[in-house]
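There are two complexes below, and they share chain A, which is joined by chain B in the first and by chain C in the second.
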Partner chain A sequence: MTAKLALLLAGVFVVGSAVGAGAPAPASGSISGKVTYTGTPPKMKPIDMAKEPSCAKQHTTPVMTENVATGPDSALQYVVVFISAGDTAAAAPSEVVRYDQKGCQYLPHVLPMQVGQVLQIFNDDQTSHNIHPLAKVNPEWNKSQPAGSAPINTGYDKPEFIPVKCNIHPWMHGYFVVLSTSHYAVTGQDGGFSLKGLPAGKYTVTAWQEQYGTQTQDVTVGAGETKGVNFVFKALPY
Partner chain B sequence: MWFPGSFGALFGGRGEMGKVFAIVLTLITVISIAFFAMRTWWLPPNISTTGVAVDRQLEETLIGTGVLFLAGQLMLGCFAWTASDKTKGRKIKSFPGGATPLVTAAILVVGIEVFTLTFVGSKAWGAIYLTPADASALKIDVQAEQFAFYFRYPGPDGKFGGVHPEKIDDGSANYFGLDPANDEAARDDIVAASLVVPINRQIALTLHSKDVGHSFYVRELRVQQDFVPGLDIPLHFTAVQTGKYEIVCTQLCGLGHYNMKAYLEVKSEEDFEQWLKAQAGQ
Partner chain C sequence: MTRKPIVVALTLGLAVLFSADSRTGFAQDSHVGDLTGTAASGKQLYRRYCIGCHGPQGDGNGENAQWIDPKPRDFTAATFKCRSTPTGTLPTDEDLDHAITRGFVTTNMPSWNPLTPQQRADLVAYIKGFSPRWTAEKPSAPINIPPETAVTLPSILHGRELFQKMECWKCHGPAGHGDGPSASTLTDSKDNPIRPYNFSTGSRFKCGETNRDLYRIFMTGVDGTPMPSFADVIQPNDAWDLVHFLRTLQGLHTQEASMWKDYAAKHGPEIKPIGPTAAGGQ
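What follows is the complex of A and B.
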């Protein structure tokens, strides 16, 4: 009874404040910025796929390891930037997340998705793969996917950073980043990101890099405001 | 049961099946030996110094066992032929003095053959497995894992960095578990997915396994050696022919075993140095 009452009161309060602001809270605020590094990042190493000729011949230049991928002007690539606190829970979108095994590489290297979202895994190669996401919080599994087989439909129920490896090709490596928020982005070669569609409010923004871990910053976004936030990770050569 | 009787009837009935058996047996024996004699499905040419002795040993073994095989099968054919006469009251012939001398003779012949082959072959075996590598041999570390081989060269400093299994991370291509942050010798170590070696120089491999049992086998080198988890196993060879050869895992190691392979590339001394330099620059 008291819970119901509290809910009712909260509802009235929310509606009241919205009315007080003159309109329903517009989700037009955004947070954008750039992720960079200081110091010397490790040299990425070429991956020799000689043992899998069907994959090797798909690459004219050697594929490099991607654990610390960098771009011009100290940009850091494959960093997932997301709202870790202050966001209202959003239902999983019906949009399917696609993950490819192509040329004995995981594409994209880092794949963010929402809790409950459908994840579809394709094998585009002429060889078998055995995808093995090393989940700890979510159930762990590994599945063989011979060339030409149907995509695997799956998904995760809990937020987690999940390393992904292939049990057949040891160099294949990537990440599933399962998030409870619908506001996330992965930095490109320029290190840039943008989280759009935010209602006014106070947020905690987290940047996650597979080797350097997480950094957080608190940001207050006004209605329709674009806030700039930058992250700087310290890189070591080894 | 109609088959042997009616088939035998084609050859004139009673006892003729024994003769048919003798003929078929002799034909199979002669044809299969002919394939060996003509080397129809033979080994790829040997490319290592120690392989010559292995090939000679194999040849001696095949000749020895081949002669015994031929003799044994022909004798069986003769017995089948002569015993096929089922005339009533016919005495079954036996070897003079019964079976004992024949069995004794067979044991002696086979025993001497096995002993001789082992004795002669121990020299070839010893040259590969019981003789340590030369001090001047090129040392290469081999890591086998499900389902690939990786090869490590000491780099310009000539020293291997230490290995730390807890540091193994395939995602950053640290297949050996090197610790370049704290170990200077590890920083210039060269790791490749192909075994590239210079011609006419002894190569001393040290085999490690990251996970389960694997095997290093190059047909052309006539060398095969298992990886045993927890052991550092030495293996050496000298290649005398440039080219690209397949290294396969010959120990069932799991799901991707069929796909576990790498390549041995034997290069001239100059080409090898050039390759090494290019690798060091990466």
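What follows is the complex of A and C.
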């Protein structure tokens, strides 16, 4: 009796997997490209951490401000590129996004996450930080996180670009970028980005830079197609 | 005889006029103790007493606002300094009622104690109409404040250690004079400069004057300002120790102050200074 059942189940399993392998997987497309600037971006300034020796000694060269971070060939770093229209709403992934306060800096400087995703904030320093995300659409809170205290588990319910600051160390500056899409990327030093796993369709792609705001482009992606999209921000020296 | 219908029609017309209100959550009530406040009554009072500073839209841009520092509260943001609820959550109706009744010491917001409790409850109901947060969210439960522990010297000394360890001095200064290393850089959520509380002035706190109020202030944080919540990082008994120490900074004749004075007179040289050079600071 049990052997028969096992056989039957095995048969179903084999048939099931055969069907799975036989059906063509929907070919997913992607959008990739580069974010650059024209004009003269402001010079990033060295940060004086003398008031916080425990942080200052973690850096051999001075930490620079990051509001307009650039790379070689006019590349623009820390630009969030995401699908702002045409995407189906995605459930929040179970992966936790991690945010670190280390050497009196926010790592990463710009942290994208999805609505409803768990955000875990760590203090890796030997000093107290107060983490103060200046949300307007979402609730604004402000919590002290002394050295050695447990990570703060939180998250956001609504899409928003949220500046984050530490009032104790005024040079600390970062952004939470809360998105309703699961397709997003942050540009690296080369300004490159890639949005993968897109079903064929019409999309609006938005690029957001903390100082220069947003730019959008409409893109139609065919099945399995890779579309190239570039963004150029006009940089002002102030 | 013929006049009556006209009066009725006029009254009806007025009623329609005053109920035509496009703000979200207009129908919202407030509950303060046994009283139920209504936004419709609150609106008249708001226009009489509050509009000059807080503005017709409740955004803190009334005609007097430009002359005022700190700026009047922007009710559209629904971020409130004095709450019994955790940081980032809405205050309770009672919290708002207390704020209106008490006023905000060292600001332009007077105490509205001369109004009746019913009038204040009506104002609370009206103020809640300025932000959609009041219809989308509910205030969370007030934080739990356990009974105060005894004021003892060990309690004060431990509170002093916490003042060092939690780095209160970074803003409030080693002696609580509001002159810590970060003090001059502080801004509120609207980028206006803001000063940390200077304990040596001995003035009332913005959010009340009792030890319980003081406990609540640092456990809930003062939302919209640099003052964070310490609820996750200070245990309840430790929090009372910190309260007892903070009272020694105020230059008032309190039990805590005289205990500390006696101790300091006998043990002055042994007392480790608070600040960056002290152990535990760096």
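Heads up, the rule we're going with is that the second predicted complex is superposed on the first by the 212 of 238 C-alpha atoms of A that agree within 3 Å, B and C clash if a C-alpha of one lies under 4 Å from a C-alpha of the other, contacts with A are read in each partner's own complex, and residues count from 1 in each chain.
Just so it is clear, a contact is a pair of C-beta atoms (placed from the backbone, for glycine too) under 8 Å apart; a residue touches a chain by one contact, two chains touch by 3 or more.
Keep in mind that this is a model prediction, so the values were computed, not measured.
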| item | value |
| --- | --- |
| Combined model on chain A where chain B meets chain C, clash or fit | clash |
| Partner chain in contact with A:Lys196 - chain B first, chain C second, else both or neither | neither |
| Partner chain(s) touched by A:Lys102 [first = chain B, second = chain C, both, neither] | neither |
| Contacts of A:Leu134 with chain B and chain C, given as first, second, both or neither | second |
| Touching partner for A:His169 - first (chain B), second (chain C), both, neither | both |
| Partner chain in contact with A:Lys51 - chain B first, chain C second, else both or neither | both |
| Which superposed partner A:Gln126 touches (first chain B, second chain C, both, neither) | second |
| Chain B versus chain C as contact partner of A:Thr65, first or second or both or neither | first |
| Contacts of A:Gln145 with chain B and chain C, given as first, second, both or neither | second |
| Overlap of the chain B and chain C footprints on chain A, listed as residue numbers | 51, 127-128, 130, 144, 167-170 |
| Interface residues, chain C side, partner chain A - complex | 77, 79, 86-89, 133, 137, 165-167, 170-171, 181-182, 185-186, 189, 221, 223-233, 276, 282 |
| Of all residues in chain B, those that touch chain A in their complex | 145-149, 170-173, 175, 180-181, 187, 191-194, 255-256, 259-263, 282 |
| Interface residues, chain A side, partner chain B - complex | 42-43, 45-52, 65, 67, 127-128, 130, 144, 163, 165, 167-171, 173, 210-211, 236, 238 |
| Parts of chain A lying in touch with chain C, wherever the complex brings them together | 51, 53-54, 126-128, 130-132, 134, 136, 139-146, 149-150, 152, 167-170 |
